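Each of the next two complexes has chain A plus one other chain: chain B in the first, chain C in the second.
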Partner chain A sequence: MRRWAAAVARSWVAMEDFEAFLDGGGLVEADDDMPDPYRQAVFAFIEMHANSELMGGLTERDWIPKTPGLRHKMAVLAKTQDEIGHGHLLYMVAADLGVKTRTEMLEDLFGGRSRFHNVFHYRAVTWGDQVAIAFLVDAAALISQQAVFKDCSYGPYKRILRRIIAEEGFHMRLGEDRMMRIAEGTARQRRMFQESLDRWFWPALQLFGPDSKPDDPLLRWHIKSERNEVLRDRWVQKFVPMLQGYGFSVPAPDLRWDDETRRWDLGPIDWAPLQRTLAQGGPDSARRIGEAADNWQRTAWVRAALSKGGARSDSSTVADNSRVSANGGASASGGNGGG
Partner chain B sequence: MSDRSGIREFLLAFADDEHLMGQQHTEWIGVAPFLEEDLAFSSIGQDELGHAALLYELVLELDGIEPTDAAVDQLAFRRSSRDYRSCHLVEYTTGGWAEALVRHWIYDTFEELRWEQVSDSAMPRLASITRRARREEAFHRRHADALLDKLLAAPEARSRITDALQTIAHLVPGLCEATAGEASAIAAGVTAGPTAKLFEPLARAIEERFSPSVGVGTDETGRFVTSATAGLTTTDQDQRTRRSDWFEPLMARMREVLDYDPAAVW
Partner chain C sequence: MDVYEVFVKKDGRDEFRHVGALEAATDELALVLAREGYVRRAEGDRLWVVRRDHVIVADDGFVAPNADKPHRHHDGAAVAARRRAAREAPE
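This part shows the complex of A and B:
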């Protein structure tokens, strides 16, 4: 099947030629005969982003029915709908790479065989957590996505990111607005939100991942444009003064202002919690994945009936897929962002 | 009951149904059978909540209260249980997606009839809300119909859908139950006719939609019924003043954050 772009598929003799094409600002399209390591890397990156959007929606959904206010609930519902909509688009872009179908990606996710961002291995236990996610995590995701968009070499992903970034900007502003109401609110509200910050500050920071390796292929292939530590620092320099400005404390005992660099320094970062989430061993991983898997199972009869009727509940691929095994060639340390 | 109270009761029942139906749809985001359905249910849920907010504003205007978001929320969440006028169908906690889909279809089929009754309302804002709502409701119904077209054609799914219909059918007449003093709303031209009159076209639509699983006949008074709604002409709603057992847990969930700190603005 031909893609709508109908471009002539391009191919490269050697990896050096392909990398020179990328360095020159070239955009790779789904039909192109891209080197397999690049295909695997960009696929794993987009799959993780898609999974994270979906699991982010599941994290937020616990609190949607409890949203305090009718129109407030509509806004929160629209936000989560956006997140799941992003997942929907990203799964289609990922499926076009011909590594896995959408159904295979979802089944791997619900089987605990593929990854999603560390933050969604935690549970939102209060309404304050819901606001902290919209405020801190969406901002972290937005910073990451903006950096990917800036120099992204994979055309279909770059085009989808343009829309995602626009919507994530609204989500972050919604989070900021709700945070400000709490900051100006009652002592009880402020206490609730401080506890949420204590729970979510570090996971949100760790969403950027540890420092990028010197030879990170995602950077070399222009899938990412900036190093993890640079993005992480951008978030720290924005959020530390903002939280303090609203009278909240930053839960970092070694936090200090460095007069020389004119920057906030958080001190050493404990990466063990991130590593645990990567092994599906986060505080809420088992419940999150288990519930999603149970639900997938409970609704299998609908998908079965629709597929028999010729409908496509797995409208997953546009291109004709050649199936190859996915070994997840991309960085395992996060650094993408699904809010 | 004064004319104003009768009109108020009528509008409140409409608003409460929309509110709780929207609320029930919010429960399905992220756990529908596939991503497109997550998106559809959340979109429909937003529409219903939006209609509820607009209808609550009409009630507030009738009460002489400025319809701010805070006043809408006060009305939507802060009444005592006996002051709600929702029907039991929208209070019902479904046992799964099949029931949620069948309820969605029944509710939106009823909604088309209900909005039509107020399309020429003497209350200008209600007529204006209706124009917008009818466009959205037509989409809701098409969505549910498109799914049912396919699911009813597959044997296992058909059996699940039919079971779901039989489970919730006893709640259908309550959907068409009027509030006290509805005659005042009709006399004032707020609505064109009795809500109870919508039962027959609704029952006919149910029979047509789910045929041949659902039979058709007449009851002892000669009234048209389907096998799904036969003998169910009465309800235990007492003009929508009696809440079902599902109501309190649902409302507790909806009020959890509000109750955390009643002085808070979120």
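This part shows the complex of A and C:
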């Protein structure tokens, strides 16, 4: 008899045995034994996903006051809450792998030492950008997450992805709804969205990354189920005709319809912008990371209120916000970095 | 901070299902965070949180002997063979 995580449930003599287990559809759980390279690879993948949700949620938040109309404002609020919620779920799953604590992951993110998706290294300039992100970027995220969910060998990640994917679906539909309204709007609105599309089409496409290497361990270990280029092409075949159908043009000079394969061909892709974002050298990287770090400081009082000293020990209603924050303020100097 | 495992159920349907985990300072805050993190769209009406360190886990091999108790199953092979023989016998 033991308590959770006190021992390992399974052990592997050789990597080949472990890989045969994965090939047979085996699921790995947090308290299972697993080869260290697998643990590190799964962790790095989930950490980057978690960071991306948090960075995306923060940008989304910036647009809440500027969102036109109460109905859309409420939808953007809900989307922001979803993205931050995804971050919470994923940081928990990542922390359970025992590589870094949540605090360490956040410190690395705010210190510019860890990665997040390329798209959040660019600045959203207009409302049209925000719509382009909700439509193109959330769709790209959805396509790649669906491919991970389909055959993911790490059980806790697979289960949490089911919920995240359902919510990304809401975001993509919200994005298309907003794009439709712009497409049906004035010439000036359509011009605004075309400019946004010119800015965001390529970053959104590059979210899938360059072609997968032939020996990509993420594919071998059933973390990803499809190659990057396959997922990217799925996005291109879906979104090129859709954008054109709404009366916008796709900003790819070499774009052509191949009559033989009956597919859209984008032509060569310049990967240099993606490489720059991976080194935190994107056009908006420094501001975004600085803003996320400042936000972490500004919200210290919330974490203090939610910590042991801040939370009330009596059992009266927890909805009494005034008391929760009053107590939190008193103990804020204690500084709970862990959140 | 303690880690809590979260379980959700639709009232009148299904069973409680494990949906994930979270970190909270108290039992009450665990429920609040579970509501905000796991049932934002009322995916379930009933909610349990259980402190992870309260979960009792069986040791490796504790259940294993029960995988080798064929007498607890019955495959009905002898009866099936007799039926098949009866079906295939000439009239």
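Quick note on the criterion: the second predicted complex is superposed on the first by the 289 of 339 C-alpha atoms of A that agree within 3 Å, B and C clash if a C-alpha of one lies under 4 Å from a C-alpha of the other, contacts with A are read in each partner's own complex, and residues count from 1 in each chain.
The rule is simple: a contact is a pair of C-beta atoms (placed from the backbone, for glycine too) under 8 Å apart; a residue touches a chain by one contact, two chains touch by 3 or more.
The shown structure was predicted, so the numbers you read here are calculated from the model rather than taken from an experiment.
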| item | value |
| --- | --- |
| Partner chain(s) touched by A:Met192 [first = chain B, second = chain C, both, neither] | first |
| First, second, both or neither for A:Gln237, with chain B first and chain C second | neither |
| Comparing the two partners chain B and chain C, which touches a greater set of residues in chain A | B |
| First (chain B), second (chain C), both or neither touched by A:Leu306 | both |
| Touching partner for A:Gln81 - first (chain B), second (chain C), both, neither | both |
| Touching partner for A:Gln297 - first (chain B), second (chain C), both, neither | neither |
| Which superposed partner A:Ser249 touches (first chain B, second chain C, both, neither) | neither |
| Which superposed partner A:Arg163 touches (first chain B, second chain C, both, neither) | second |
| Doubly contacted residues of chain A, that is, touched by chain B and again by chain C | 78, 81, 85, 88, 306, 308, 311, 313 |
| In the complex with chain A, residue positions of chain C that touch it | 1, 3, 19-26, 28-29, 31-32, 36-38, 40, 43, 52-53, 55-60 |
| Touch list for chain B against partner chain A, complex | 19, 23, 26-27, 29-36, 38-39, 42-43, 45-46, 49-50, 52-53, 56, 69, 72-73, 76-77, 96-97, 150-151, 153-154, 156-157, 160, 253-254, 256-258, 260-261, 263-266 |
| Of chain A, residues touching chain C in the complex | 1-10, 31, 78, 81-82, 85, 88-89, 92-93, 96, 102, 156, 159-160, 163, 306-308, 310-311, 313, 315, 318, 338-339 |
| For the chain A and chain B complex, residues of the former touching the latter | 54, 57-58, 61, 63-74, 77-78, 80-81, 84-85, 87-88, 91, 127, 178, 181-182, 185-186, 188-189, 192, 292, 295, 298-306, 308-309, 311, 313-314 |
